[in-house]
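Have a look at the structure that comes next, please.
Note that the chains are named A, B, C and D in the order they appear, and that numbering of residues resets to 1 at the start of each chain.
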Amino acid sequence: MKSNFKIETLGECTVSSPISSVCFVEDSQNVRYDAVVTDGKNCSEGELLELAGPRKKIFFNPEKTKAAIVTCGGLCPGLNDVIRGLVMVLWYMYGVKEILGIRYGYQGLTFSSEDKPVKLSPEVVEDINTQGGTILGSSRGDQSPVEIADFLVKNGINILFTIGGDGTQRGALKIAEEIKKRGEKIAVIGIPKTIDNDIAFTERTFGFETAIEMSRLPVICAHKEAKGAKNGIGLVKLMGRDSGFIAANATMATSDVNLILVPEVDFRLENVMKYLEWRMLNKSHAVIVVAEGAGQNYVKDSGTDASGNKLHGDIGLFLKDKIKDYFRGKNIPVSIKYIDPSYTIRSSEANANDSVFCFQLAENAVHAAMTGRTAMVISLWNNHFVNIPVQKSVEYRKKIDPNGLFWQSVLNNTGQPEMK
Amino acid sequence: MKSNFKIETLGECTVSSPISSVCFVEDSQNVRYDAVVTDGKNCSEGELLELAGPRKKIFFNPEKTKAAIVTCGGLCPGLNDVIRGLVMVLWYMYGVKEILGIRYGYQGLTFSSEDKPVKLSPEVVEDINTQGGTILGSSRGDQSPVEIADFLVKNGINILFTIGGDGTQRGALKIAEEIKKRGEKIAVIGIPKTIDNDIAFTERTFGFETAIEMSRLPVICAHKEAKGAKNGIGLVKLMGRDSGFIAANATMATSDVNLILVPEVDFRLENVMKYLEWRMLNKSHAVIVVAEGAGQNYVKDSGTDASGNKLHGDIGLFLKDKIKDYFRGKNIPVSIKYIDPSYTIRSSEANANDSVFCFQLAENAVHAAMTGRTAMVISLWNNHFVNIPVQKSVEYRKKIDPNGLFWQSVLNNTGQPEMK
Amino acid sequence: MKSNFKIETLGECTVSSPISSVCFVEDSQNVRYDAVVTDGKNCSEGELLELAGPRKKIFFNPEKTKAAIVTCGGLCPGLNDVIRGLVMVLWYMYGVKEILGIRYGYQGLTFSSEDKPVKLSPEVVEDINTQGGTILGSSRGDQSPVEIADFLVKNGINILFTIGGDGTQRGALKIAEEIKKRGEKIAVIGIPKTIDNDIAFTERTFGFETAIEMSRLPVICAHKEAKGAKNGIGLVKLMGRDSGFIAANATMATSDVNLILVPEVDFRLENVMKYLEWRMLNKSHAVIVVAEGAGQNYVKDSGTDASGNKLHGDIGLFLKDKIKDYFRGKNIPVSIKYIDPSYTIRSSEANANDSVFCFQLAENAVHAAMTGRTAMVISLWNNHFVNIPVQKSVEYRKKIDPNGLFWQSVLNNTGQPEMK
Amino acid sequence: MKSNFKIETLGECTVSSPISSVCFVEDSQNVRYDAVVTDGKNCSEGELLELAGPRKKIFFNPEKTKAAIVTCGGLCPGLNDVIRGLVMVLWYMYGVKEILGIRYGYQGLTFSSEDKPVKLSPEVVEDINTQGGTILGSSRGDQSPVEIADFLVKNGINILFTIGGDGTQRGALKIAEEIKKRGEKIAVIGIPKTIDNDIAFTERTFGFETAIEMSRLPVICAHKEAKGAKNGIGLVKLMGRDSGFIAANATMATSDVNLILVPEVDFRLENVMKYLEWRMLNKSHAVIVVAEGAGQNYVKDSGTDASGNKLHGDIGLFLKDKIKDYFRGKNIPVSIKYIDPSYTIRSSEANANDSVFCFQLAENAVHAAMTGRTAMVISLWNNHFVNIPVQKSVEYRKKIDPNGLFWQSVLNNTGQPEMK
């Protein structure tokens, strides 16, 4: 049985780990890809993922190692937790004392940037985890991998931690390839960041649970507004460009939602209206949650952002207008309240469970980096931290399976009929 | 010295109060209107407001009294606290056991309404204070005072509590006048509700402090977004149709805001842009808070709502677009993030201090009603609860004084220059 | 490969499921027990757990089915979420309209109880999820399984949902065995409840994540107190009778803790004192988190509670006194602040993620019950909901592995030395 | 009419204020002490308090001024807000750039302290308001006013801001007197700090509203615990050494409390027990809130702390034991849950309204200091900020009037009978 998930390394580990661990991981330890079996079969075909964690032998000599941390793309709860975790583990566990914080994403890894890297230490990062945002700043968009490689070499950086989404990790891959071509010994380790929880081969991303927590309030408010007026309709637009995980979980977290629309499941507008009409006549109120990427066939495309993400037409405002028109046409007075919490979700501080997760991600990222692993990301699989080749993590975006048990739970929660 | 704030009553109080109070208020107790004196003068000219509270003698016989509660206009934190307080005090202190909850505002006081009044009791209102919204529902708009008076008489209602804004209290005044004309003994007692804290002759309205609390998060988020990107601009639109109190307090509560715009103070767009440009070049970020009623000369009027409130053009979106255009014209790349928390502020549950305040308002409203006072509202003045004639409370809307110490504090907090 | 985790059933499923599911589970679908493999081995020896979820055929005719819900033991965040989920899924998905809420735990299933079962319906359970506690009340202690079986039969109850810890589930097992002996067709389905997350064969229990969230504040406060005074020591006692999971996660969630003590890892008091002395002299402050079950060799046993749980001596107060004495002896002035959040953790409402989890547990419990499964609990394993025989779930209590990666992460976070 | 509240000054104000204010205060502006009048009388006898705020002329030349800030006594929400406000207003409004932070209270103003003053600037205090505690550290206890005066002179400090309770302000008075004796031109300005809101001549102190907010949760939890078990009794001990304001407001903020005990109102234990017994038999549950200073005749005195505050016997644990004994004696099984939130209340961050208040206190303290006022504190009276001689503020401790309207509201809320 051979793993298809082999991790690249910079070379043999010959340095004894300075950390006093109760438990080191052996390279022979793996995590199964597939935990479900049917009729006892397909057991032997399962792919294996490398278990993350501290190794007895490491590649880099901590005293001579310089690390850099960069945060890219949109804000996400937990960014500062990850930065802090990386600094604390590098500094106290491995004794790496040269740590640079790169300003404003990949821009800060170019020679033309006005904003030079800042020195990071335990004092600098103290208490930053109690704040949302990123103390380093971020930006969208790629920069030349050649220039970044030059920058890393010129600045004597041995390890680059890239905290960002699939665009960022694609960039990290190019950087790692450029470094490999040159034969440099620089490790590039990614920590996947997607508030939508839609990166491949990881069952959870940091900030996602916080996003569910923060999305609960707007849904509760929409419910209060809907019941506060005769024929009240509360409409909430939540994040979810390509995947409806936040919308689905916020829905189940409140049990107040009567209709959820996600990118993974098409709907016909007339069916939405018929159902709403039924609710007005029978229940006098309705709560709708729509993920931003839902129903994009109804709204015109708005190009792409600097990261190459498709910019969506505004399905929330579209629905609001359509619902208004529909009930005006039917001469049924309704009171529609539209809530778009937007940036308040993503710029919040991490909740407790995400803070724990961020620390563990950071820890395992440092373990991987110190052993000279590269071109990989840290991920969670079957509840174990694993090392995943970066190209795997950008292979596709995780989505809700419209024929799976999870979506069934969501439908059971809302009680909504078929909308296709 | 004669009070100009005389409260109307239905007749002489001849019933002994059933409540066992450690402290009854005498009718001769008053609260000064004006607490500030200059050169020791204008002391004797001060107007006096009637101190609210329990009286030894009351007008209504509790066992034969039927009360009704109606909530009107937009949601506001604390509505359920006030409803619960009224029920608890009527029921347990005075022994009034017939209490009706009117559905969906003044509509529910008409014969044509499908939604009949519901019976309220301590069991029904238990725990409702932990929820935002109003369990009774609300609506905007007037109904015929003649029909409402008919409805009250036909249903044997002796006391009507009207929880609502100045529109609602104007309606209450008309109802009280119609009742007076008929010589009916029905008390109409208002509890002023304005999340903007802009009702005249009260220094605080319920829900306002909660609104400040709830407005703090979006401002903090805007700050994190602004600092999370190079030349980031966080723009937050907060409530405040005619008065900027929420915006001003949310600004001081965070100390993160660099520019605040309120309805009371005009601004010139070019000055806003110049200041923002200065901040981009010198500070690389800016946070702006704009009250919804600010800069209405720049946005086109959008008519009025069912309550007769002017509907404002959207100054938030207007500013967002203008800022984008300006910096595009200047070829300065900026990253602007717009946050409109909208209904999430007003449909939240009351914070602790507002809950206390709501209970005290409810209590004093019941005290006033049971003595046969009418056509009045409960208000807070110089930290004392007072009875105010309803016509006084709708005389004007309270505003920030642009030449006063409060606005000066706000300006000191933001450090913004003159924008006129 | 045969499963050792076979679930008992009441008989063949012959009724077509009334639910319109996008996805039914086949009985042949299982979840592996072990997700980690070493050297590619021990794959085929893995035990298999039955995948939970809706089946096409069910055992009970919904129209003739009467269900009962009982909550036992201490409060836990999410109890009301589970109750509500059970009622909603029974009522709306399966059409079961006879649902009883048993008052005050197993006591309410006895004939001598004054508190008769209450009827549950969607109206009754609306919004109960926004409140901590349990609307049914709870109690500790066993009751005669014979009497309970009599009670169930006499009241025509077909399904009993037992929400409680290992004591409760042991009781449920006895009830199921008594029912089996009589040949009655009554399903007993458990939903494991342990705020400490220490029930066997489930990787998560409801309320646990909320407990971490709620435990974060006291730790942060202890940190502020510790730094707010010269030689400040903040000492927090957190829940964890036999397992330190809450303490460990609250520690990592704050990264403010310098010393954590858990039941799974022994410590020597003199080593604790030496380390604290070192911190006072070098860092001027320290934060200590101690799980209630830690260091029980130092405090005298206090008997057992009504559920048979060992009552622990108070290690928090013990440590507080010992630290005071130690530094008084050393003539080093310290300022020690002791925080015991106690019941505030367990009586809180569930956070968003726990609410989602509670709904899914409830849903799967109903699915299992309707197919006539019995003597089992719903559990989460490798991220899938599974059915586990109740005797398995009470086999042992889950503990932190002192030689595992999780405990290593905790130690990395605190930086504490060996305490043995 | 002459004020009895005359403020001392260091000399004539001859420097033009550098601040560009929309509004300066004249020295002739005052706030009445008494806002309530009876029969129109006692108007002319009212004492006048000096209105706080910016003056056109100031005493100190900002460029040559050095300020110091010290925080003393126990933690209180908002300490960091006040520190930050002082620094921001000194720096940006007046141009004072030499600001020292004194470490660990008055200890840091002695020559023997190891912890030297730290330089404060806008960068240092950025975001500190989002954290509870005090970045400066604090301590209890007096230091020699002679040594402190020496320290101030030697370090060239012109203004000392003392943030602390009545003990601290008594110390500040002695320092100011020592300075006056020497003829030095050093202003001593106090910002009163008491989480209990019991300082004389101010109607509100910072942190108090936050304390109410933070005390609400334990009371709600006690309620859930009380209702979660048959004959459940939830007992919460809240802060309030001499005054029951926190307990009273937390009670009204929840409306869940059945019995409140405060220091201002004596009670007989047997009456408490009789009432509890009645509740067990009739309502099956009870919630009790007890302020720490209540019923001190029942618990033995425990000496005084370093600040000279009387240390109270633990009335909470006393009541818990007595209740247990009582019901054991009556053979009524009860389930009593005791909650002591202790330090979690006082080390929390300020809520929004307190943050606003802290900024305004800081601002007015700087205004007062720059005009050479001394031996005074900033206070709020009839909603206006006023300057109060420090000896007035320590004259007595504010208490709940057991014969006043406020206490009556509290009793109305709990419905408790007479306990004397």
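Everything below uses one rule, namely that a residue touches a chain if its C-beta (ideal position, glycine included) is under 8 Å from a C-beta of that chain, and two chains touch if they have at least 3 such contacts.
Remember, predicted model here, so these are calculated numbers, not experimental data.
Hopping across touching chains, the smallest step count from subunit A to subunit C is 1. The chain pair with more C-beta contacts between its two chains, of B-C and B-D, is B-D.
When you average the Cα atoms of each chain and compare centres, the chain farthest from subunit A turns out to be D. Spacing of subunit C relative to subunit D, judged by their CA centroids, is 41 angstrom.
Chain centres here are Cα averages; for subunit B and subunit C they lie 44 Å apart.
Computed centre separation for the pair subunit B/subunit D is 29 angstrom, with centres defined by C-alpha atoms.
Multi-chain contact residues of subunit B (touching two or more other chains) are listed as 130-131, 220. Across the complex, subunit A meets subunit C through its residues 1, 19, 21-23, 25-26, 28-32, 35-40, 43-44, 46, 48, 51, 53-54, 84-85, 88-89, 92-93, 129-130, 203, 209, 212-213, 215-216, 220, 249-250, 252-255, 351-353, 355-356, 359-360, 363, 382-385, 402-405, 407-409, 411-413, 415. Partner subunit D is touched in their complex by these residues of subunit A: 127, 130-131. Across the complex, subunit D meets subunit C through its residues 75, 103-104, 107, 115, 131-134, 137-139, 217-218, 220-225, 227-230, 234, 337-344, 347-348.
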